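Look for chain A in each of the two complexes below; its partner is chain B in the first and chain C in the second.
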Partner chain A sequence: MNSQAFGRILSADIHECFAACRISEPDLPPFGSLVRIPIRETPRLEVYGLVSDIRIEEDGFLRQIASNENVSEEVMQDARVNRNVPIVMRILFTGSISDDGISHMVPPHPPLTLNAIYRCGEEEIATFSSCGGYGYLRHILDARDISIPELLAAHVAQALIANKNCGNPEWGKNLLAELIQQKRAQKDELLRMLNALKSLDFESTAEAK
Partner chain B sequence: MNTTPETIGYVIGGSLKEGLFARLTVPSDQVQEGAFVVVEHNNVNYYGLVVDIRLTASDPQFAQEMNENRLPQAMAGILNQHTLFTELEIMPVLMQNIGSGETLTDEQESKPVNTHPLPVKMLPPHHSFVRQATSFDVKEVFNTREEDAFVIGSTREQGHPIHLDLAKLTKRSSGIFGATGTGKSYLTRMILAGIINNNKSAVLLFDMHDEYAFGDTSSDTGKSVPGLKNKFGQRVKVCALGSSTTIQGNQPDFNLVFEYSDITTADIEMLMRELNLRETTPTTLAALENSFKQNWFETFKNMNEFGDDDERSVAYWAKNTGVNQMAAEGLHQKLKKLFQKDYLVSRTAKNPVNEIIDALKNKRSVILSFAKYETDLDYLMVTNLLTRKIRQEWEQMTTNYNRNKSNPGSKDAVEPVPLVIALEEAHKLLNREMADQTAFSIIAREMRKYYVTLLIIDQRPSKIYDEVMSQLGTRICGWLGDENDISAVLSGLSGRDSLRGMLARLQPTEEVLMVGFGVPMPIPIRSRRYDEKFWKELLKQNSLTEVEKRKSNDILFRLD
Partner chain C sequence: MPVNYEQLTRQISTIGASLAQQRSRVSAEISAYFDFLRENDGQPGLLQTLQRKISQLKNIRCALPRDEKLLETFSVADEPLTPVEILAADGSQITPNRHHELSYGLLNSAVFRMSTGSGIAPTIVTETLLLEKVTREDLDQSVEDAIAMQRDLAERTLLAREAAALNSQLPVIALTDGPLEPFYQRRNSPSFTRQLQGIHDHFSHMAELGIIPAGYIDRPHSDLLLRMLDILRGDLSAESIGKPRDLPVFDAALFEKLLPPDHRSVVFRLISPSVLDMPEAIRLSFFYLNVGTASQPGIVRVEIPEYVAASRSSLNLLQANLLAQCRILPSDPYPYALHRAHEAAVVTSEERDRITQLLINDHLTHGGSNLSKSNKQTAKDRANTRYNHLNS
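Coming up: the complex of A and B.
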């Protein structure tokens, strides 16, 4: 479990939240990562979510730099690294953890603004993704305004490695079976997802490096 | 050993009319059409047959495209597993309360279940598990009294022995059908051997092609196979048609000839088509009978064909009795075919018909070989003559028995020996035109109460009169190609539409479908081979106790 927060909540509802983080943050989670947002310590409640979008917005000054030919490399680097406008991440909630354990339902209430966000480690990813019979998949499959196949592929790529390394090599195949059962009535959608997943190694049971 | 047979699927729908539908959970090539399956729910087992196997998909497009070509193998495999399905259509036939839902232990398995399978009246609910029948299920369903149990074959998948209940088989008329070359006559030999060995009924077999008494050469192995006489000795009497006739060089027990006085005018009327007789024939025959009583045939035979004024001429007799001369002369001309038959004689020293009847009455079986008399005319004439006399005899015996059975001391208070008349090429005697004129249709319809039943053997069941077919209790049928023949075999049976395909897709040899009264449920089986091993096992049964018999039946058969 990472102890270093990489960002804080800007806004949230029961399904998702937006968070801001600095570009200089050394451990920014990539697209599809599982993150954890603690809401309170007692009784324990922490929300799990997937990074479903990452946006780097302009701050007005960037336009001038980008359109000016005579900008030194030093100024350019300063504008890229030490910029004031943060990176905004969209986080799709996929469950929560309480004293009762992990749940794949939406959190009972959304996190508050400026709550810290932590990136989950391999063990936490494996624990969250392997419990509850893939119930959290529905949040991904029902998400709006998101490229579901891409989010799914990005998440599965990470979770596949985490589960293999944590001694659960069949996780990937079972996920495929669950996904197919849930989406087989929508053949086109299912095939788009499978196409997005097809470059991943579902067969190997060896631990990923 | 605990019985935990593998589940092959689960129920997904159905009705009593349409049968059950189940989704297969094992590869489609692990279950065959006709498989004996059991659907389990709580304490009730539903026994049925797989009557159709259907490949289906959650979306037809999944089936139409080769997913392996565009997805990795593992992924395509999982996709296929969850989108492509095999469905079974099961015809539920029997249900049985098995008493306990618990897995049976060795001890429990060996104890008989106290409830019997009954015709299905309920359906198992959705998602009840389906499995292949075990030997225990087969025993439960095809449970017969030890003394009447005869192993006729085995289930096709697991090779569990199937018992035919000989008592039930012989209680009503039965039929053995199959296209030529399907092993019909070998199957008939085995069943007749079982009946004779059972020693509760006598068999009269009309052997048109001389193949049952002294053996034959197997067409597929080229080996000689024994006949019934070879194996049963004096329990089987061989009778050859015509005096001094031998059968494949073997001397028969006796030769069959008929006295002229045995022939009635009705016997001739039955031959209308065969002898190409005219519409005036019945009138002429009636006049002959009226004039000469039971000597009509011999007297008519001895009349001169020509000479109006000759007192011994046909014309003279016709004129004096008011019969049309042309009609009488025409009949005389056409009956010459019969007058020339040397198995029709004026007098016999010892009436062989009575010898046959006496043998049958004493529970001896009789094989009547036609030897050189191979024409349809011989077959029709002889079978009808003999059967008519037997029918009269058995009717008389039954009447006497019924009158005197309350008086055990009376010599007539003896129950008649049940008689099975086995008839090859049955359509020649039981076709639509002939059926009503011969004794056979009456036997099929009415003689059960007089202890006589038919075992008809034929390759064209559609040629047999519907009314006779409908009377057949048990039908054992090999492969048939003709739709009409298939329909005829299944006529009057419930679930015939489901069984139709099964019959059409039997293996050309050594597979038969058994349906009807003699079997608790329709079942396709792999029939036994008719060879020395069969005989060894069958005759060995005689020296075993009843309990040993069943064990031996099961164990020896598995060695096949």
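Coming up: the complex of A and C.
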């Protein structure tokens, strides 16, 4: 179930964490991906979260190179493969899994520094997003300093495909209904979210692998 | 107590006035050297005169031209930049400190390898050696000097080994930061001779393989050419050899006037007691190179062994690649490969703390008693003052 870890925790609180990964990592999860952070095996506790921001850090040295008109491929490869300039990801916690099953509450405690992070597969995304009546949506909708419509759209785009491929074609329509229900009092916010979601295909039930 | 700014302000003002005066004297002196250089450029018998005068001076360090031409400059603008293997080495060290929990030394050497034009990510090799204690040649030798020599040897051993292991069809350039000339107080001990011999052997091995080693000296403060001119005009007495000048005049100021951007000087032989110890094929020469621009010259000195100095194609290849390396960092021209070797070799204070902690853990695992820093160090750390950076 655990594929290769793509990064490690730098800092965390009860709502979110920051993680670093190498620029050369081939399997970097895109914005909005569901990721899992194992905290302990017995009793089981793993935290789920969404990649809510991706920053590529820089230093003065890279700035000098970037100001050069012609940067050779060797220098670019050196910066990406050898230099310890990480990608920093912000991960918004959306729930956890324990021996009792999936919970959409914030984790009982945050993961520790240098805990490894794994990207979730389709089946895991479908399982997490389809249980608990979309309870995890509130973490996205209440997030601060994040473009909520964009994060929502990025997550829904991936979860739609995962749910369709895992035999849950109604997931998207039910999500829209839940979203409208939750945000009916904040029409402007709701319109911005629906606008961000409008390019997604909520109708098709075909496999979209 | 902070610095006494009242006293400092007065001193800064005094020093400022003195430096302004000094600048005009330096400028006049450099102009006089430049005129003298021009008068003597291409003079028949110049080389023989210099050789005769230098042979009469003991322990002299100066330049000796390879022929009578002194002012010629060389550009490689018309030469195509062909692929080469560039290796750059650097090293750093932890010097034992009796005020820390454990007193240990550490050498860290790194070689950065770049195949130009390949599109392939460069590779880095590092080697770390923990020293339980630093062996000194005698009581006069400082621990810092002893560990610096060991670091240089480790760095050059790694560079020579990696260069020899390349087995490449491409030309290989092996760069070090600083002079190739081993700069140590000469000692008459078997161990010192052995270490020096080790450095010579590495150069000889690279010579056999046709590798082009070069020592890159940024912002050089050498006055080798000026000393040569002093000798020529009879201004250097035996008593003044090895003594510092009254004014801070350096060769670089002369070459700022002489070298257009991207041009190098003629190649000079390096006359020095330590170079005379070297086998003839690897005795050192050097040239100056302007890696800067017309408005902001950047004069560097490049040391090379004799077999490179004697080959025009090797010189051109080296010059073209040093310039190409410097252009990667255009705002502060310095060879990219050397900078990366430094990044790989440097032991940061955080790393030093981690290594110390690992050693302490191991010490305790083996039944050792608790270790602590000296009272002096503890007091400094608690005060969290600038002393931490200065003396730790």
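Throughout what follows, the second predicted complex is superposed on the first by the 200 of 209 C-alpha atoms of A that agree within 3 Å, B and C clash if a C-alpha of one lies under 4 Å from a C-alpha of the other, contacts with A are read in each partner's own complex, and residues count from 1 in each chain.
In this text, contacts are C-beta pairs under 8 Å (C-beta built on N, C-alpha and C of every residue); 3 or more make two chains touch, one makes a residue touch a chain.
Values in this document were obtained by computation on a predicted structure and should not be read as measured data.
**Q** Please indicate which partner A:72 is in contact with in the superposed arrangement: first for chain B, second for chain C, both, or neither.
**A** It touches chain C, and chain B stays clear.
**Q** Is A:80 contacted by the first partner chain B, the second partner chain C, both or neither?
**A** The second partner, chain C, only.
**Q** Answer with first, second, both or neither: which of chain B and chain C does A:42 touch in the superposed model?
**A** Once the two structures are laid over each other on A, A:42 reaches no partner at all.
**Q** Pick one for A:61: touches chain B only (first), chain C only (second), both, or neither.
**A** Touch status of A:61: second partner only.
**Q** Identify the overlap between the chain B-contacting and the chain C-contacting residues of chain A.
**A** In chain A, nothing is touched by chain B and also by chain C.
**Q** Chain C touches which residues of chain A in the complex?
**A** Going by the criterion above, the answer is residues 61, 64-65, 67-68, 71-75, 77-78, 80-83.
**Q** Touching chain A in the complex: which residues of chain C?
**A** My answer: residues 114-124, 327-332, 336, 339-340, 343.
**Q** Touching residues of chain B toward chain A in the complex: what are they?
**A** 58-59, 61-62, 70-75, 78-79, 81-83
**Q** Help me check something: in the complex, which residues belonging to chain A touch chain B?
**A** Within the complex, chain A contacts chain B at residues 173, 176-177, 180-181, 184-185, 187, 194-195, 197-198, 202-203.
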